Structure formats: C-alpha cells, structure tokens
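After this come two complexes, each holding chain A, first together with chain B and then together with chain C.
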Partner chain A sequence: MTGSTETESAADGSSRLGRRLLAERLSGYWFGGAGYFAVALFALIVLTLLYQSLPLLAEYSVVQALTSSNWDPAHNEFGFLPAIVGTVYVTLLSMAMGTPIAILAAIYIAEYAEGRTKTIVSSFIDVLAAIPSVIFGLVALLVVVPFVGDYLAPAVGSDATGLGIFTVSLVMAIVVTPFMISLAVESLEALPDELRESSLGVGATKWETIRSVLLRAAGPGIFSAVLLGFGRVFGATIVPAMLIGGQTQLPESPLATGQTLPTLIVNDFGELMSLPLTQSALIFVGLLLVVVVWLFNFGAMVVRRRLRRRWQY
Partner chain B sequence: MTMTSPTTNATLTTENLAVTYTGNREVEAVKGVSLEFAANRLTAIIGPSGCGKSTLLKSLNRLHEIQPNVEIGGDVRLNGESVYDADEPVPEIRRRIGYVPQEPTPLPLSIYENVAYGLRIHGDYESKADLDERVERYLRKVNLWGEVEDRLDAPGAELSTGQIQRLCLARSLAVEPEVLLCDEVTSALDPVSAETVEETLADLKEEYTIVMVTHSMDQARRLADDVVFLYLGEVVEANDVETFFENPQHERTRAFVDGSAIPTTGAVDGEANGDGDGNERATTTDTEPGEPVVAER
Partner chain C sequence: MVLDRYARQRLFGWLARGAAALVVAVMVLVVAVTIYRGGRVFITDPAIAVTPPGSRYMLEAEGGFFHAVLGSVFIVGPATVVSAILAVSTAIYLQSDYSSERFSETVNMFLNVLWGTPPIVYGVFVLTVIIAVGAQTSLFFGIVAIAIFQYPIMTRYTDEALRAAPDTVREATYGLGATRFETALITVRAALPGIVAGIVMGFARGIGDAATVLFTAGRSTNMPAGPFEPATTLPVLIFDQAMSFNAEVRSHAYAASFVLIVAVLGLILASKLLAGRYARFAPGGRHS
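After this line comes the complex of A and B, so read on.
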C-alpha cells in the first residue's frame, strides 16, 4: 500500500475493516454450525436406532430381551443375555490384563526411561497403537489360538479349541494397552517438575513421589486413558468377530466360545437382515451399545470432575 | 522431640562446585563456585536471569539430578560432610536440606496431608495426636494456622497462591531440615502475599540456615544477612548485606546494584573478594589460593 494516496488508503481501510468484521460475524456461525452438526448427528443416530427397534419392542419387553438367553432368530427368539455376558466378560478380562501393564509401562516411560531408550520404547508403543486391529486378529489366529487350544486349555482341563472369550480378551488387551500407555504417558509428562521437586525436596524417594504425588496429580488423565481403552474394548468388533467362535449361548467358562454385542450384529447382519424382526433386533443391539457408551461417558465425566477436584495441584 | 524446634546451626559450603549440562549443547551453568552459607543466616543469591542461580540452588541438595544429562564437579558440604560422596542416601540429604520451588506447588493432597506428607514418609511421628500436633505447629510457624484450621481436609490447591506458598514452607519445615533452599519463592505472588511470605521467612531465619534465590534486589536488601552475586555462573561478590549494597567491592556488583549495564570485561580479579575476616557470613572461601574464585572470561 505504499504507493496509494491518503484518501485511497483510508477508504481501503474502512472496507477492509468491514470485511474483517463480516468474517468475524460469520465465523461464529460456521464454527457453531459444525458443533451443532455433531449434536444433530448423534440425535439422528439414536432416533433412527430407536425407531427401527420399535418392531422388536412391540413384540418383546426390554426386560425380556435383555434377560433371555435364547437366541434363535429363525424362530423369533431374541435373548440378548449371552451377548451381554460375553461383552462384559471380554471387557472386564481385557481391562484386568491391560490396565496394570499400561500404568506400569507409562510410569517407566514417563519417569524412569531416559534418552535413547525412552525414544525407542515409546516409538515402538506408538507404532503398536497404530497397527489396525485386524492385523492383531490375524496374528492371533496363527499364534494365540493354537497356544490357548493346545497348551492353556488342556492345562486347566478344558477341551476348548482356542477360539473364545479368553483369547479375545487377551488380544484386545494387547490392542488397547499401547493406546492407554500413550495417553497415560502424556498425562504424566504434562505434570510440572515442581511437583517432583516438592516431593523429593522433603526427602521422598522417586517411587514414593510417583505413588503419592504423580499418580494422583495425573490421576484424572490416567483414568481417562483407561476409560478410552474400556470404550475401545466394549465396542470392538473385528477382533472378537475373528476369534470368539460365534456361538450365541451363555459361556460356561472364560475359555468357552461366545458372542459379544458387536459380533452379534456382524455375524447375523448379512443373512438375517431380510427378516424384519431380526433386523429390528440387531438394530436394538446397536441402540444398546450407543446408550451404554453414552451413559458410561457421562459417568466418566462426573468421576473425572470429582478426581480433578480432589487431586488438584 | 521437644516442643520447640532447636536452632539448627548448620553450615553449608560449596567447594569448586560446577554444574554442566551435557545435552545437545554443552553449557557450564555453574563454574567453580566456592561459598559458605553461614548457620542461621539468610543468604540471598542474586543475579540476572539465566546466571545459574536456580541451578546452583538445586545442586545444593542434588535436586538437579532429576534432569537428564547433568554433570557435577566439586562438592557441597553440610557441616563438613560431603553431600555428593555421602554415605547417606540422597533422600536423607534432601530431608536435611529442604527445597521450596518458585511456583507455589501444593501436592495433590489435603492441606493437612500436605504438611504431614514428609512426616508420614519418614515415619517421624509417634501417634495420630503427635502428627496433628506437628501439622499444627508448622502451620503456625508459617502464620497459616488461623487461616486454615477449620478446613484442613480441603485440597491444598484451593488456597490462594500466597497461602499455598506458606503451605509449601510448612511442608518443608515439617521434616525438620537443617537448611532451607528457597527458589524465588515470592516471584509468582501478588505484592500482599509476597509480603506475608517475606515476613514468614524473616521469622524463620532465626532458626534455620536459609539460602534464597531472588531476582529482586529490594527483597535481598530487606531479608538477607548475606548476599551472593552470581553472574554467568560465577560468583562475582559475596558479602554481608550492608557491605554488599553500601560498599560493593566490584565494578560488576556496583553496576548491577545501580541497575546499569554489567561490564562483561574489565577490572574483575579475585583480590577484592571478601577476605575471610572470620565472621559468620557468606564469603567466597579461598579453598585453593592458586585459583581465584572469579575467573576472568
């Protein structure tokens, strides 16, 4: 603008200001629009699922569907209990195996590992977290399934084939652990050094500092990491579909084959969707998944808020 | 344990203490510092930003060791015992030489548990009543008891920053250290809170050997018994507070005290340092007469 005269640049300036203010006003709309779009999408999904579940709910009560263990779509029997039990089994077992390892590994990476070791270990964990879970399913078919079928099951006196709830849980633990480690490391590394210095400065050891100070201060973050892992296991589809054995019956032991809510949808989706009531039943399963995840996130938010207040620093 | 804390009479000395960061770029942050921090006096370490004040302070109780790639030279002695070659484990050294960081840092615990933290770790109490009594004693010592006595179970972080900084002092004092290291403990506070913390420190220096880093010359003037002027990792001058401010022995000190540019070259040679007149004050100790403490750049 160095060449323009004074009047020109003044006029230019005011129209420029006008454009800036217009952009400012519009920005609120498009950011808001994007935000509300997400809300609308969620509402739309829930409403669609609810509407499509109505045919099933007209024939069966919710309690009946949730507590019956008889799943036989061909004879219009829709009991979801086996899949619910399978899902709970897989989620709890996976988290029981994965969470302690995730927290220990995160502490090691964030507080103990240094220099090259730290770089190498954490880059491997990031790579593991990025591998598509179908790969884990494939490798598990070649390695974990024979191991469970040939060694573990006979050792505990079971005639399981290797496909089943335990195998799925083990593999899902392997899938989500790197993911939980990454997030937990982030929350530990975000803590200010003053916390470490304050604790060490009164003569605490490193471990005492970690246990009494750092794990609390990073607690809400670690809790979120575990919950995100939990959510991933709960909604996992491909690994359970490959490894669970697909039998819709109440599992007798953790080594037994079974079904989870997502695998119920995947396994019966193709062939049975032509039957209207079956379609409605599978959509009801989807509704169930969404509602549970939603409730869970809500509860997690409340707990996290409490933790954050209690363990603030 | 008696009700009143005895004065500690601890002397902290450094012998050619050097701290080098050996990361991507090698930086000698503290260069051959030999000082004596006299018993039951408050020594202020002053100097421009980045002169190595905090590094020097943290190396006194080995707290810099939480950073990777740091090398140490020389030694620190607490009442003559080596801190770096000590038979004592590092946590015990840090209990004896406490540290309060610049940023008011409550631990993620209640007000009560913040003060009880070190006591619980060391098991330094006989009963719950004893613990209660000690928590109260140290909260009183930092003039915080009256403000928190009815909400000891509230999270420490809910206090104001000035209160938190006094809580941090109480936490450090509760493990009965002999020396207290304070890193610019008022710089993150508003003027009123800073004044309260200063008053607390003024009370505490009767009983403890305190080493305080500050960037405020006024604060050093108000609080300190002795002043050390650190510049580019070296001690330029160490003297009692009156001599330091009224009759500085060095051109650089004079320039820093006046607020003018510090000469980077010129008449700095070891001769004008405190000559060890036997008083209990922070002076550069001539441990190795052949090497002037202040090396010429």
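After this line comes the complex of A and C, so read on.
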C-alpha cells in the first residue's frame, strides 16, 4: 500500500484526515512556540535589565556599588548597602516570625483538623493568601503602626514613630504565612498513610510521629515552601513602600526607618526619567532582585534533591 | 520541668492549634477592619465608586474613584485573556507529547524562576521597554505588565491540573486513533475544573497587584481615555491615597479597598463554584 504518499497528499487539507493532520501540525508549531515563550521571556527580561544597567556598571564596579553606604542620586553617588541591609533585616525578621507559625499551622491542618473544621480553616487560609498586599498595608497603617509606635517602641525605650523595619517585617510575616502554609500542607498530605500507621504502631506518640517521621519525610517540600516564602518577602514592594519610612540610611535598630531594594525603586521613581545614571542604577536594582531570586531557586533545587536522598523513606 | 512524652504530645497539639487559630484570627481581623472601615465610608456614599474624579481629586477628594475601577477592569480583563491563552498553551506543551521530557524540565525550571520573580521586576522591565521604544506609560503597557505577571501563576495552576488528569484519558483517546492535538483537547476538558480555578486565581492575583502597574500604567488621576493614554488601577490608587495628608482622601482609600476586597473575595468564591460546576467534565468527578 502507498500509505506514506496518501498521508502526504492528505496533509494539504482537502480531506477530513487532511484537516486533522493540518490541525495537528499547526498546533505543534503553536504549542512549541508557547513552550519557548517561557524561556524567551526570562532571557528577554534578564538581558534587557543587564543591558540597561551597563551605564552604571561602566562608572562603578559591582563591589563598590554594593558596599558603599552613600546613596545620593543627585550627586551621582550610588551605594546600595543601606537598602541591602534593610532588605536582609526585613527578610530575616519576617521569616523568624512567620516560619514557626506557618509550620505549626500546617501541621494542624494536615494532621489534627478533620472534616468540616479542616475545610473551613484551609479555605480561610486560601482567602488570606489571595488578599491584595496593598490591603494589608492599609490595615497595618490603622492597626500595627499605632501599636508599634505607642506601645512597643516606648516599652523598649525607643522614640520610633511606628513606621520602620520591624513593622514591615511583622506585616510581611502575616502576608507570607498563608502562602507557606498551603505549600507545606501540600507536602505533608502527599505522604502515604503507612508512614503514620507504622510509626504509631511501634508505639510513638502523635507528636513523636510528626517530629521524627512526618516532618522528615516532608522535609524537602517544607524547605522549599520556606525558601519560596523567603523570595516573596525579599521582593515585596507595596507593603514596605507604605510602612518602612523610606530613609536611605543604615538602620540603627529594628525599629528604625530604612529602605529595602524594591522600595528604593518606588521612592526614587520621580527622578528616574531625568537622570540616565539614576535610571540605570534603579534598573540595576531590578537585575539584582532577579539574580538573587534565581540563585535562591537554583539553590533550593540542589538542596531539595540532596535532602530527598538523605531523608528518603 | 521535664515533660513526659504524653505531656509533650499535648503541649505540641495545643501549640499547633494555637498557631492555626492565630492565623485565622489575623485573617478575620484584616477582612473585618477593611469591611468595617471601608464599608462605613462606602455605605454613606456608594456613588464614589461610579463618580469620575474631579480635577483636584488627590488633594481634596472631589468626585470619586471610578477611573480606577474602570482602569482595573480594562487592564486586568484583557491581560487575563491573553495570559490565559498563553498559559494553557504552555502547560499543554509541557504535559503532552509535543515536547521531550528533558525540555519540559528545563522550561519548568524557568517557569519556577519567573513564578518567584518579584512583581516589581516586571514593572521595571516593562518600563525599560517603554523608554526604549519611546512611548509613554499607558493602559496598554499596564496590560502587558499584568499579563507577564499572571502568565507564570496561571501556567503553574494549569500544569498541575493537567498533571492530575488521569492517564487513562490520554491512553483511551490515542487508542481510538486521535492525533496529539485531539488528545490534548480531551485532556484539557478532563482537567477543566482545575484550569478554570487557576485562571480565576490568576485574575484575582492580577487585580490585587500594584507593583507591576505602578510604573507602567501611568498613575493617572483622570478617566482612562484610550488604550495609549495613562490609566490607573485600584491597588495603585489605594497606595497613593493612603499616603495622602487629606483625611478625606485617606477615607476614600478604605472605600476603595472595600471595593477591591469584595471583588477578590467574590472571585475566589466564583473560582470554587466554577470548579465544582465543571467537575462534571472530569472523569470520576461529580455528576451534577
């Protein structure tokens, strides 16, 4: 039979089979294009940002820009250190507040809650994860800022107004916790029930089962949930911009005002159009954010793979 | 004090309950404050949501914030459509026989990085493009920025939904002699509840994001005049209003956030209902 020539002559779209094969071929191009789109988009973003930050890098070395603490765009001084220190402060503080709560709450949802309670609590957390961050900022202006300014700061002998790094960290902890919870719950629930049954069967208490069996088996998943939360806080823009006070100086204490890398972009946006070097400096901040997030994702992948091998069950 | 094993079990049980209760309490507090404060402003004068702003709106709260409501709809609506088409196509490519497994893995890695990229980076990227082509910030570039922001989110949800679709669907369609394209369509149909829920979640994320549109849509305080004219969205408006020195403008921020939170909660509800409704397409799903 002349099967191959039949297929070829049919592919021009004149017959029913031809139309099907034509659709098949065209869809192949379309879906292939969509697959490459993700890679192309990423490459385009990184290359554009890199190209636009070249003017800054021609004037200053990377090390110089990252370690200088003098930020004064009007006099062409671009030191990113205050913003970097602010970002590190905010990220570490909110992770320290958010992670334990997130893991405990995830344990509750995955291991303790049952039936209706479970549905209600987990849909509450879904809702919390979807609330726009600008609303958190607004509510924090009403609730957290007066609390920190009127009670917490005097209690530790500081005259802070309530806007500052600690406030931002607290609110960001609230923003990322539900996000980490839902990822951690997913990895706890993916564990087979035999793990729980055999651990309880050899006489472990529920807590011992959770601590030494379940948290270990779900460890890689929980670890990447924490790292993804980390990335979220790191790149958060609106909440810090509303609550941090926006002063580009090295923060003296956690209650002081400061600046993070994303708020640097927001606050100096007005000057962006006029001075090409400032524009380049702020685009460099964008590049910095992408690179750090990329390193984090890559690191998370490597560590996850290693942990999975060590903590396999 | 040394705790015995059973006391420790009780202690950690209560700690876990306490943590969950704390998270739920915070969520109730945030939603309650927004609805109470915003609702009070909104109920006394519901017309502000559909009144165009006066010329000195940001200074003296003349008129309302209809421009931001319209801007949100005109920016996030088209962005969601574009993004959904791209996201579903990418997810089909990754989960079907169009690509090799190795290439899928690479693309997935890039998607994960895009997923974790801070929204402000997309804003800066689109702004750089705007400067490069010599255009001005406008509604159109707001759409572009939001679409880029939503794309990895929707792809992730769609990819998960397609992955959860049973293999038997694919095998059965191939067994009947279907082409890859026809198989892909049937798989999408089987995964429809998850895909629809994912697209609605992407819409909800897009409508709540301020950092991407802050620099790209133009932060306009007038009614959107055309696709290449400046516009604004609700989150950006709330951000600007919250920084105002005028108490009335700040009170409008609460009204605007009331509108926003009602929209977001409504969308989540819609996504749950739609997921349930489309579940009848899923093999082994509910037959309603």
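Going forward, the second predicted complex is superposed on the first by the 280 of 313 C-alpha atoms of A that agree within 3 Å, B and C clash if a C-alpha of one lies under 4 Å from a C-alpha of the other, contacts with A are read in each partner's own complex, and residues count from 1 in each chain.
Following the convention adopted for this analysis, a contact is a pair of C-beta atoms (placed from the backbone, for glycine too) under 8 Å apart; a residue touches a chain by one contact, two chains touch by 3 or more.
Because the structure is a prediction, the values reported are computed rather than measured.
Undergrad: Once chain A from each complex is brought into register, does chain C clash with chain B or fit beside it?
TA: With chain A as the common anchor, chain B and chain C both fit in the superposed model.
Undergrad: Kindly classify A:311 by the partners it touches after superposition: chain B alone (first), chain C alone (second), both, or neither?
TA: first
Undergrad: May I ask for the angle at the C-alpha centre of chain A between those of chain B and chain C, rounded to a multiple of 10 degrees?
TA: Superposed on A, the angle at chain A reads 100 degrees.
Undergrad: For A:275 in the superposed arrangement: first (chain B), second (chain C), both or neither?
TA: neither
Undergrad: In the superposed arrangement, which partner chain does A:152 touch: chain B (first), chain C (second), both, or neither?
TA: A:152 contacts neither chain B nor chain C.
Undergrad: Touch check for A:212: first (chain B), second (chain C), both, or neither?
TA: first
Undergrad: Would you mind checking which one, chain B or chain C, touches more residues on chain A?
TA: C
Undergrad: Can A:137 be said to touch chain B (first), chain C (second), both, or neither?
TA: After superposing on A, A:137 lies in contact with chain C but is clear of chain B.
Undergrad: Looking at the overlay, does A:49 come into contact with chain B only (first), chain C only (second), both, or neither?
TA: In the superposed model, A:49 contacts chain C only, not chain B.
Undergrad: Once the two structures sit on chain A together, report how near the CA atoms of chain B get to those of chain C, whole Å.
TA: 10
Undergrad: Which chain A residues come up in both lists, the one for chain B and the one for chain C?
TA: On chain A, the residues that contact chain B in one structure and chain C in the other are 205, 208.
Undergrad: Looking at the complex, which residues from chain A come into contact with chain C?
TA: 20-21, 23-24, 27-28, 30-35, 37-39, 41-42, 45, 48-49, 52, 100-102, 104-105, 107-109, 111-113, 121, 123-128, 130-139, 141-143, 174, 177-178, 181, 205-208, 210-211, 228, 231-232, 234-238, 241-242, 262, 265-266, 269, 279, 282-283, 285-286, 289-290, 293-294, 296-297, 301
Undergrad: Spell out the residues on chain B that touch chain A in their complex, using ranges where they run on.
TA: 58, 61, 63, 66, 68-69, 91-92, 94-96, 98-103, 105-109, 117-118, 121-122, 155-158, 168, 171-172, 174-175, 181
Undergrad: Would you mind writing out the residues of chain C in touch with chain A in their complex?
TA: For chain C paired with chain A, touching residues are 5-6, 8-9, 12-13, 15-20, 22-24, 26-31, 33-34, 37, 86, 89-90, 92-94, 96, 98-99, 103-104, 106-107, 109-114, 116-122, 124-125, 128-129, 131-132, 148, 151-152, 155, 179-182, 184, 201, 204-205, 207-211, 214-215, 235, 238-239, 242-243, 253-254, 257, 260-261, 264-265, 268, 272.
Undergrad: Quick one: in the complex, what on chain A touches chain B?
TA: These residues of chain A touch chain B: 114-115, 192-205, 208, 212-213, 216-217, 219, 309-313.
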